[in-house]
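Pasting a structure here, questions to come.
Chains here go by letter, A, B, C and D, matching the order in which they are written, and residues are numbered from 1 within each.
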């Protein structure tokens, strides 16, 4: 059993809480929130004890690992504190909104090496993971095109948009990470176009809600990402990998397997009622599982801080490309 | 070029007329109808000359073959006359509504052997023909289940129903012929259940408009047919062959390849707007082509009078089974 | 919380054990098996205490309900004992292999009324349940055809076949129950054809491994069931409901949503790797949930002993129809 | 009847020849080729008379219209000659490989106005045309994303590549025209990335065989094009239009409607055996039909020289973007 402190007790913490609780090898020791009342609510639901002082959490020997699910702007402060205390770390994405802050933190991690996993949960989705394995095993030959669709059912509240770091850093970063991981390489150059087509409030913040991103890979493989903050038929999540010998597609999950034929439409399914918590429920579980096994087996988890930095560098390049209307080379280390 | 007389100038004759006209090896010499005005209309559209006396048609040496597309109750009278005149014969299905009449005609054909092809056009549909070849070639191993759906968009006029010989002889006979041809054997016994669920006028004639038929084959293969005179989403035509090593399905043709996703339905196609003339257009052409090639090559066409007699015997057994509520052995020769 | 005794600790008990254990309103008090060692293994996995004497189980006041998952030939003996002890009963299907024994038991239940639910778990499958609700709500108008496919990946051991009561009573009974429940009526007459096409050992027992069943309903609705003990591509489970206004189909669940295109096949999915435990996993959970809620709310569970008797009467009529080659009226009460 | 001269008797002329011949309102008067023997072969197949002198063709009063299907580098010379002779013109795409030459020709056309139609045949494909109508009618609300896939089964001969004007001008121009026509606007800016991933011979010519193109429209709508010169499963042709209220997709045509299930793959179709002549056969016919009707009705055909110039300007901007690695504004008039 691995003793775990859950840092944070907001929305994402309520994603991890029940999964830590249900995991046979994880033991929820503590839930931390500077606001003790909030921590106590999570404790009531998932167990452990509530703490409002981080030093108490880190001083507890039963806490071997921390799952950081706090607001983005606090991620790296807690990562550094946990690293210094020698705790294994699972941190929700993104690491931070700036490369400067990420680089400072990576220096800390280099000096205080602890197991570190970044929560790019979609890599652990069973369908996406099957596609990645099939591509990496050469099933479709050399990869030539890679495409991703992530269209959300409805725009988030403006307050969320304001703190998100922009659409590319907030959302496209998932597609960026997945596609680089599937392709096994990072882009030399990116180009992104964006519009505000769904929610004028997003445009008023200087952000966009519809984007198309192109990434050109060193191998020549071409990558496309298609993102929108609104989608009339629900949460549209698809991948398409095209190689010299064939194509692989992950199709949308349906909420049911009932097909309708009538005088209006034939062969029809219902709209996609789920959003990311339902669609990627299994992936959060599998991500925690990978973290637990990596720590137990003494090996590096499969989604690293370097992966997070690369994805952030690419996302920031996309944002700059969108603003400057030209292709941009990401600022890799 | 094969000189052809088209007997009849009604609905089915207007299916064959343009196809004879367009066929590079067929030459439309004559259109025959006792009603000369009707024949002349067809001639205006497809060429040839109009005749209202059969003896003139048969006496014309340029007429090498007859395509019989007259009302069912005249089919065999014309078949016998053509056979006696030594003309090759293509006859629309069904041969007749009674086995007694068919048997008399088969005696005539035995004494006056001429090339004879029965118009079971659906055998020549490209998808159905591919399925039959795949089954016969052993692609799915020994056949175990075979299923057919034929659901028509809307009930025919009552007048048509009255002269049709009943639903099994009029329509199920197509499925019966296809399934026996695919299976390569005829049933030992059939069981049919029927209801009048769509058009009470059909029930008033003592007929049914919804049937399920089971045929048990000598090999043990089990066969199901599903027929209805009405279908809210159009002309539903499907086959499913299940063997020891796999399954083959022919899916419905769509009128277009446009797929719709919205807040009501996803992955949806439009209803099937076509009926049999559009759905099986190619099959009529390929059937005429087979007839022309068989006559030219001096071999027996692939859909014979014996096939027609067997299908009629089975259809009549279905009708009797439906009326008597028990399994019936068809009256084979 | 409802205190539960699990009767049996064999295969089906290991289906129910973890689900009782995980259910928030069920408390697993006892696992009973005359073979105490077997009961103890289940207790080690799911909790409760082991018992090898039924009277001890029934005497325990904490036991409010029994889940009977013992061999079929013991079901009704335990049902009667539980009823006499005033315990609520959830009994795996089938009730028994003979109507005589079922009728005696129903007399006992009539005299000792306790909540009784029969484990027709497939009714609680989310897709099937959606289809049933859509049909019953009139979405496709009056029902005219209803079809079910249940094809198993591979034949069971001969020993299982021998004790199964025959293919209709063992397996078709699921389809029979579902289709009567969806249609809202029971057949006037059934006709079944069967063959032994996959495993000659099954034929040697006088049983069949491939069947087609027709049920004619009082409303005129026609019903078809398609069963085989072998299927090259896995566990084929489909339903099709055809009404005056449209059609509803439940499609096969896929193990993943990955689609492959290459030089051999396009738009292709993988074979179905799951069998009933995986395919109907949710349905067992939802069935227990319905039982728990019905007992708690003091109402009759939605799958009754009378449903089980009717399905058995129909399955036995199918078997007799298959042996006698004629349509049979089921022996209803 | 409209008297037609077919200019050219090479590959594309053999696409148009049989369609002119079969069209009820077109009369093939002449086939022109400076190489008389080549013209005579086409005449033998489709009728008319052979000519090797253009002045004779243009002097013939029965010739009311010309279908220009000669090599690209001669298109505009013949367009100008036909315009001066007052003939209606149907010209295969592209107009030419340079904007300068196109602009000179458009001046000629402005001075000698004759009906002019550019052969962007894909607009007349029934599925694509349905999608365009649905988008333009507002069925999916304001358009936000538009995507096109055109992947060819195998690279063309190097000799073809050399004379093609580059991949964007040769092939992407079809997608560019379709997407601008569907969107109802032209891009402000384009970005294209390209690689040589399939045929090194293409790279040796300085061309690419795999491209991704982004077009940003004045409305904010974002457009993606995906092109490759090779595709293991055949001719991949798809469109996806995503609007505020839903999505429309045109799926690949299959060569047949047979679906296979076995121990290797389920729900599988065969690879796409057709290439553009088969896939777009109907569209060539419908394009000629539009030309004939527009000339007869005295209105401008629906695919104009200005459309061709705009598509060429965009394709050239794509090519430059690919070479310079930055977004480019097309050189519109």
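Definition applied: a residue touches a chain if its C-beta (ideal position, glycine included) is under 8 Å from a C-beta of that chain, and two chains touch if they have at least 3 such contacts.
Bear in mind that the values here come from a model prediction, so they are computed numbers and not experimental data.
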_Between A-D and C-D, the pair joined by more C-beta contacts_ = A-D
*Centroid-based (C-alpha) most distant chain relative to subunit C*: D
*If you average the CA atoms of subunit A and of subunit C, how many Å lie between those two points?*
42
*Gap in Å, rounded to a whole number, between the CA centres of subunit D and subunit A*: 42
*Which whole number of Å gives the spacing of the CA centres of subunit C and subunit D?*
59
*Interface hub residues of subunit C, defined as touching at least two other chains*: 140, 232-233, 245-247, 252, 260-263
_Contact set on subunit D toward subunit B in their complex_ = 126-127, 130-131, 134, 140, 245-253, 256-263
*Complex contact set, residues of subunit C against subunit B*: 140-142, 144-145, 147, 151, 189, 191, 193-198, 210-212, 214, 216, 220-224, 226, 228, 230-233, 236, 242-247, 325-327
*Complex contact set, residues of subunit C against subunit D*: 232-234, 252, 254, 260-272
